[in-house]
Amino acid sequence: MTNENLHSQDLGTSPDDVQFRFRDDEVADHGTVTVDACCDQTNATAVRIEPGDDARVLLPFLDRLALVEVNFPSFGDGRGYSAARILREAGYEGELRAVGDVLIDQLSHMRRCGFDAFAPDKPLDEDDARRAFEGFGNVYQSAADARESGRRTIAELRHE
Amino acid sequence: MYQYDQYDQAMVDARVEEFRDQAQRRLDGKLTEDQFKPLRLMNGLYLQLHAYMLRVAIPYGTLNSRQMIALGDIADKYDRGYGHFTTRQNLQYNWIKLEDAADILADLSKVEMHAIQTSGNCIRNISSDHFAGAAHDELIDPRPYAELLRQWSSFHPEFTYLPRKFKIAVIAAETDRAAMRLHDIGIQIVKNDAGEVGASFYVGGGMGRTPMIAPQIREFVPLDQLVTYAEACLRVYNRYGRRDNKYKARIKILVHEMGAEEYTRQVEEEFAHLLEQGVEPPLAELERIKPFFADPAFEDGPKSIDRSDPDFALWVDRNTVRHKHDSYVSAVISLKPVGGIPGDATGDQMRLMAKLAKQYSFDELRVMHTQNIVLPHVRIADLHALWTELEAADLGAPNLDTIEDIIACPGLDYCALANARSIPLAQRISEKFAKNGRTEELGQLKLKISGCINACGHHHAGHIGILGVDKKGTENYQLSLGGSEAEDVSLAKITGPGFDEDGVIKAVETVTDVYLETREDGERFLDTYRRIGMTPFKEALYDK
Amino acid sequence: MNILTGNDLKTGEVVWWDGQNWSLSVHDAVDVGGMGEQILAAEEAARRVNVPYALVASRTEEGVRPAHIKDRVRALGPTVRRDLAVPTASKTGWDWVI
């Protein structure tokens, strides 16, 4: 496949693949392009980050992006967690969708890193997922959830 | 020592229930072994050669008598009456059933303990100086900083699927008793010229198949930026550490391939960014933690012992260490009885050590990375009574830092990764030197044995190191000399071709003979090796 | 001969394929010939065994002897804790392991 073809191809998951979503806005249904293509194309509004991509190259384009998919080809590759936090730290407020090998036991950490939509390769058990999202009541670290929902860390709660 | 509040307790309790649920989903077939493995590992549960193995975290090696009793009780209730203290100041049980694992974690949580992140590609249990808070030469107690980092690293949402495992050590003395520069991150708490306390960061050390000594990447990080700086170090690693090859995935390879200067530049850039993000816990949190590690109420008392019993005097000379209060010492309980298994203790021994800690050491014990136990604050006046009880329980071996005080990994007797057995070598070497009477004469001699290239037995850092390898289906051992994990850190060099089991024991004797013949006044084995080099040892070993 | 081993999923105990079930004794192990992969896949999927694998062994007067020392240690127990040896495997001496 040439680079040209890659640019025009929609790589992304469809709204139907999204099993869990924590947003009130319309599900983004845009053609999703690679990070390289997104940087070249001025009109792309959805992009897909692969583990080896540098999320920071997207920072100049955040205003026009409505959907960022972060692919987890294997759940053991944790680069996507950093990508997610980096985008949220830069003020990205669009949909951040975890796609690929997304499993029950990674959901709560993904959520804390700023993911607000989940499109697992294989649909997850709804009950198991609900418990996972509820997670542990409190948290030690300040992450994307502090920005998103004003969640206070344990250390902050101790010193209120 | 640190005590949980309701938040810490709730975290650990929630984790127990989460693991109970995960184990049940595995037993029900909702999780495959490939999916379950990283989850159980993050709760310290391995599948080893003979059974499941559970590794319990002992944060910075500090525990109280109640916790030690619980460890002994678990050994009796769920295992086969013993446990193994490890080179990361943890405890391992060798014969655990998956169906019991959640109950064990629940028992641990009742005494503020857990097995969280004792394995897996995440930030592992943080280790520290085993004499922290007692050492005469420390700047301050490093453990409040280790505790701050323990909380930060527990269930970190971004750093749970790192390229590879990640180990942090924190010290606060010039004397390094925690192998600080052989860690992924080594932190030394220091004072700057202005008299302010801060942290020196060393990044990219480690043992394993590619041993490296960590370079310093930042001389001074202010205390109110400690967590942020660590977060920056980890983020650069999580993003750029190699994931294509398991054997090149540790941060030492990244720092080496990228160059310490470039790695530092990227960390500094990330650090500057993260400072804006407010990830640092409030400084008040550190101030909250500190009083947990305040000095106990030391009292003046006798400063010397009655030396009329030579066995007792020898034990005091060998196994007690100067304390910051001159009426006290730190006493080391050797888990290296001659011919015994390094680091193993029975449930009864654990409960006895707990009792002695309560009676003689302000209810505190430490685990050393050399697989011994410390009673950190013992009145000199109490030493004889303490020694008498230890002797009766086979815990009084007077051999700290001698050739009998061997570090040995579990090796092929227990470990699925091992290529050769480690423990029988340790047993035979300690028996040999105890019998020929050379132990005392050899003085400080750190012998470390690993049963495979992963180097859990720290052989790269041994004055004498032994590495077990598989030579066409039989056990073979490589000898190395000149390593040190201390402030004079160095990596041992291989002497030459390997030996069989009898041969390597003979070879250890040969190199100690070379030392005794050529040493100058006051030299340790390591000093002599550094002065005369490898050649005389090689000649004695191979030129027959 | 080609034999199969693994660990019991619940208890973690070392087990050997005896043709019908998983036995605690290496001496019950049977030659599976070329059927190893097929049996392993089915047994693992049914969760009757965990992390199973095939290995080469020989039949001797003392029973079934795995070719590699690691599997002989598995069969008998840690050589440094002979008090904990697997009872049914102990018709061999400890020299059998080395």
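Labels A, B and C are assigned to the chains in the order they are written; within every chain, residues are numbered from 1.
Keep this in mind: a contact is a pair of C-beta atoms (placed from the backbone, for glycine too) under 8 Å apart; a residue touches a chain by one contact, two chains touch by 3 or more.
Note that the coordinates shown come from a computational prediction; the quantities given were computed from them, not determined experimentally.
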{"item": "Touch-based graph of the chains, sorted into line, ring, star, complete or other", "value": "line"}
{"item": "Chains most often in contact, by C-beta pairs", "value": "A-B"}
{"item": "Whole-Å separation of chain centres (CA-atom averages), chain B against chain C", "value": "34"}
{"item": "Intercentroid distance (Cα basis), chain B paired with chain A, Å", "value": "38"}
{"item": "Centre-to-centre distance between chain C and chain A (centres being mean Cα positions), rounded to whole Å", "value": "46"}
{"item": "Chain A residues touching chain B - in the complex, by the definition given at the top", "value": "51, 54, 75-79, 81-82, 85, 89, 103-106, 108-110, 112-113, 125, 128, 131, 136-143, 146, 153-159"}
{"item": "Complex contacts: residues of chain B adjacent to chain A", "value": "5, 7-8, 10-11, 14-15, 18, 21-22, 25, 30, 35, 38-39, 121, 151-152, 154-162, 235, 238-239, 243, 273, 277-279, 281-282, 284-285, 288"}
{"item": "Chain C to chain B touching residues, read off their complex", "value": "7, 9-14, 44, 47, 50-51, 67-70, 73-74, 77-81, 84"}
{"item": "Residues of chain B touching chain C in the complex", "value": "26-27, 29, 33, 47, 49-52, 80, 95-99, 341, 412-414, 416, 418, 421, 423-424, 427, 473-475"}
